[in-house]
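The structure's right below; bear with me while I get my questions together.
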């Protein structure tokens, strides 16, 4: 299994919903296998200021959950999409409606920030069966015992499945999304080693990573770094995806 | 319904709460602090002049306005602070809307020697400036929250975010019976002292139970606190929501008629929201009732038919406050005024005896009363 | 020492008071109202963190700040209002300085259905605007007094004048232990409930009496209320006056050092005055201590050596308030802060155990605390 | 005994202390036997707004009790003076000092507003012996029983004494000094009749009287009307004593 070099996060509808297909095509052209796409929410309790602001801008511009999913319909030039969302919009939509809307899209998995395993198990099972598994999240506070439970409850579909449907998301530090003040290498390395003892799945590491060197360090640990807030900020300031990502995909350390 | 980072802290909290609940040392300390610091039991005041004015036979008021810091919030804040210290936490995070929970938490932290940070929307900070000053005098840090309407919902968002960043050393004292499990249980359990006292007092002072027990309900900590101990009794339990100034979404905070099940701040309950699952804006003259979700335990009791939910408008609440002021010499919080506002309707339904919970004092609402009542 | 017009009303009042004092119906009504409306007994709070900070072994706080309306004033206002109704009076006159006595009287009148007019200096009305609003909400008329410094002394003048004009139908509820006989006796007698409770509580909670019982003293109703029930005990009784910002006449309200015997407002007592017998101007950060005369009963106890009088400056009072806020989560009135301010001096004298009276809560003083403490 | 037609009240030091001797001389020239002279006090609790303001003006201009008394020393052209005062200035001065200061003046009696009979009996006895009796005050609230006590405690020096030392002051109505809204004739008449049953002394009636007609009515009841606040006000506005008093001394009813 080759290492996926980067998992970027985009906020749907920011800078605009119209620009989304082109952004996804560009990501695909950059050789990215998968991408996280944030569904803008009114109360993003796990997000820092950058993603909050992006979500509120997107909502103000009409990026409702339904419009976001409709804008993804029929896209072929796109990486696999992991839909990053809060529970309530999905809950209000309902499983059937959601499946219909997801079917024509490149969405391959769901990362529901405020849905711990076991909470809405019927909904989760229905979506998994339909091909939309929930990404397991492993936080710094997650004990190894609890990590084992989570990985069991959201099982590995096996090596034949795509990265989006297989990976576990390792939260690099306490707190919310957003650029941190430098990475504490040692504890992340130890956590990744411990988790690798539990699972064969690919691991992605996010929260607070942005500079090329930190991303590179994560790759040397055998995991895929996630780049979120910094990327969203740069795109909002007018940078292109290529400009923002290219230096972050190569290891010059 | 919490982010994974908070799951283990929540599980730890639940375990600590369970252990404390049966630990005589914890219970004795809490009882002593409630008595000697908070001023419990609070009185049950007969209100004969207001009763006569309204056509009631008996009206009793449970006086949480007489607690230290002036509202029922201190019961929960102090208990959670003791629990947090027991868990080895050295820092406290809290959110506040009207500022009463913030003041109560700041006071409890000063009392126990814990560092305290309170998140508060900028709109609320402006309109409740005296409470900001009180928190600061107690040594608390007040963090302004700029997002959204700058009120309670945003403050909870930010407090949850802050907790996720410091959950190793900090405890989050949530102020109402909402948020992720075990908070609703914790808060309800620390607030039922209100109803337990009230029930014993009304039996002692009048020899019988009233026909109706009545409380206002924002998140639900005051409503549950008063009503839960009367669940086994054959009487009507009524919670009053903020009817605001209209019936359209965004003009009120009445979740029973206006809301439907949804997830916010880590719990699934009746929620005011739009078709997309985005939380709706709310409106109420009372900052403490101006919250888009009914606490999940109260919602469950309502859906089960154990508690009735009614609404009172801003104007009705103002009238209720004025009547209590002029006939009994008690200045109620705007929240409590919503319960008072329902009394005429109950009389019209033939009710003669009521026990009403005054959740807090109205000093914090003076500027609103002045402006709206032309005082 | 009252004008002849008021002599018969004063004699009637004395007779009514004597009769009421032994009338079980009056005593029962008063006891019930103090319990169910005012919230008595108020707690006796141990303050271990502040004690440790100061180097005291034991510090207890008697919590009049937890009474309804937030200060000890309600004990007297309510009792006099019940007495007035019993005398067939339908109107009440009162004076107020900081506004606490005015609010308490307005509340008592609303509770009992008596018309209420409160005289208040224009300076005090401006700096205590929230209390003006509270009185008005309770249905009281607040009459601005323009004369002189526009503070308490002028308000008493005007209330006495108003009473002389309406003494056939109105009772004057004087707010402190001063004025013509029988007011000092009346007020002291209605306030000693503070010390009676405190004495029983401190014995109950600690098994022994403290070395010092400490209270602030303006007119003296709080001081007498706490200290008198300890008169028979072998301990130090200390009253703290307002030291203001200097020691020259006009810069403080410390009557023991600065005053000498004189007659003001119908009583002969220690008075700050000039060589001509004109009342001197006074200064204190605390409106409630900013009065030129020490109540006559307190003055007599002081001159008899039963009570020590000390002073604390504005700055010392602010420091005392801040220490209590940060170490115990209690916001004291500026008046009470003067008692807190004396604690370091007592520690320096070797005192280890103190019972201190908190006469009221500091919410009314928030703007002063904000401005002076830079909050 | 002929009826004293009017008992005017002046505030010492208002308009000015310098003007006082001339005012007194004018009063004497008008045929007034006695006059009340107010000693300005900081806290005149029995006075209405007009006399309060006059007292504060006088104090501001330096009319201390001592200076007032000194300015009266040696005046021969003056009616008998009843010194109207509050207790504290006398109390601070002390009986001996007071007697010294009073000796060279036309002061013949003291009206101490806040000194009920019996309160400072040593001081009162000393002053009475020295020739400065206290004027008995009889208020609307004073019962006949109490009036009898008061008149006994402050005894009638007998018909040979001057009006100032003999009269009792009957307060016309509840309240403080100052112009009222018309006089309620009946109760005053009844009170005077009742009091005449108790004593042979001349009676003066004050509080709230100002218009010539009311004053006249009091005279028809056989008592001397007191004119205070209205007079002080008119003098402060620049009217002369003669202008102010002449129309008030004749009965044209």
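Per-chain numbering from 1; labels A, B, C and D assigned in written order.
Please note the rule applied: a contact is a pair of C-beta atoms (placed from the backbone, for glycine too) under 8 Å apart; a residue touches a chain by one contact, two chains touch by 3 or more.
It should be emphasised that the depicted structure is a prediction, and the values quoted were computed from it without experimental measurement.
*Asks:* Touching both chain A and chain D, which chains are there?
*Replies:* Chains in contact with chain A as well as chain D: not a single one.
*Asks:* Comparing centres built from CA atoms, which chain ends up most distant from chain B?
*Replies:* D
*Asks:* With chain centres defined as C-alpha means, what is the inter-centre distance between chain B and chain D in Å?
*Replies:* 65
*Asks:* Using the average of all C-alpha atoms in each chain as its centre, how far is it in Å between chain A and chain B?
*Replies:* 37
*Asks:* How big is the gap, in whole Å, between where the Cα atoms of chain B centre and where those of chain C centre?
*Replies:* Chain centres of chain B and chain C, defined by C-alpha means, are spaced 33 Å apart.
*Asks:* Which residue numbers or ranges of chain C touch two or more of the other chains?
*Replies:* none
*Asks:* Return the residues of chain A touching two or more other chains; collapse runs of consecutive numbers into ranges.
*Replies:* Not one residue of chain A touches more than one other chain, so the list is empty.
*Asks:* What part of chain A is in contact with chain B in the complex they form?
*Replies:* 41-48, 52, 56, 59, 64-66, 86-93, 113-116, 119, 137-143, 146, 150, 171, 174-176
*Asks:* Residues of chain C touching chain D in their complex?
*Replies:* Going by the criterion above, the answer is residues 1-9, 147-148, 153, 157, 160-161, 164-168, 261-266, 268, 271, 273, 275-279.
*Asks:* Could you please specify the touching residues of chain B with respect to chain C in the complex?
*Replies:* 35-39, 42-46, 49, 63, 66-68, 70, 106-111, 113, 130, 133-134, 136-139, 205, 321-322, 325-331, 363, 366, 369-370, 373, 375
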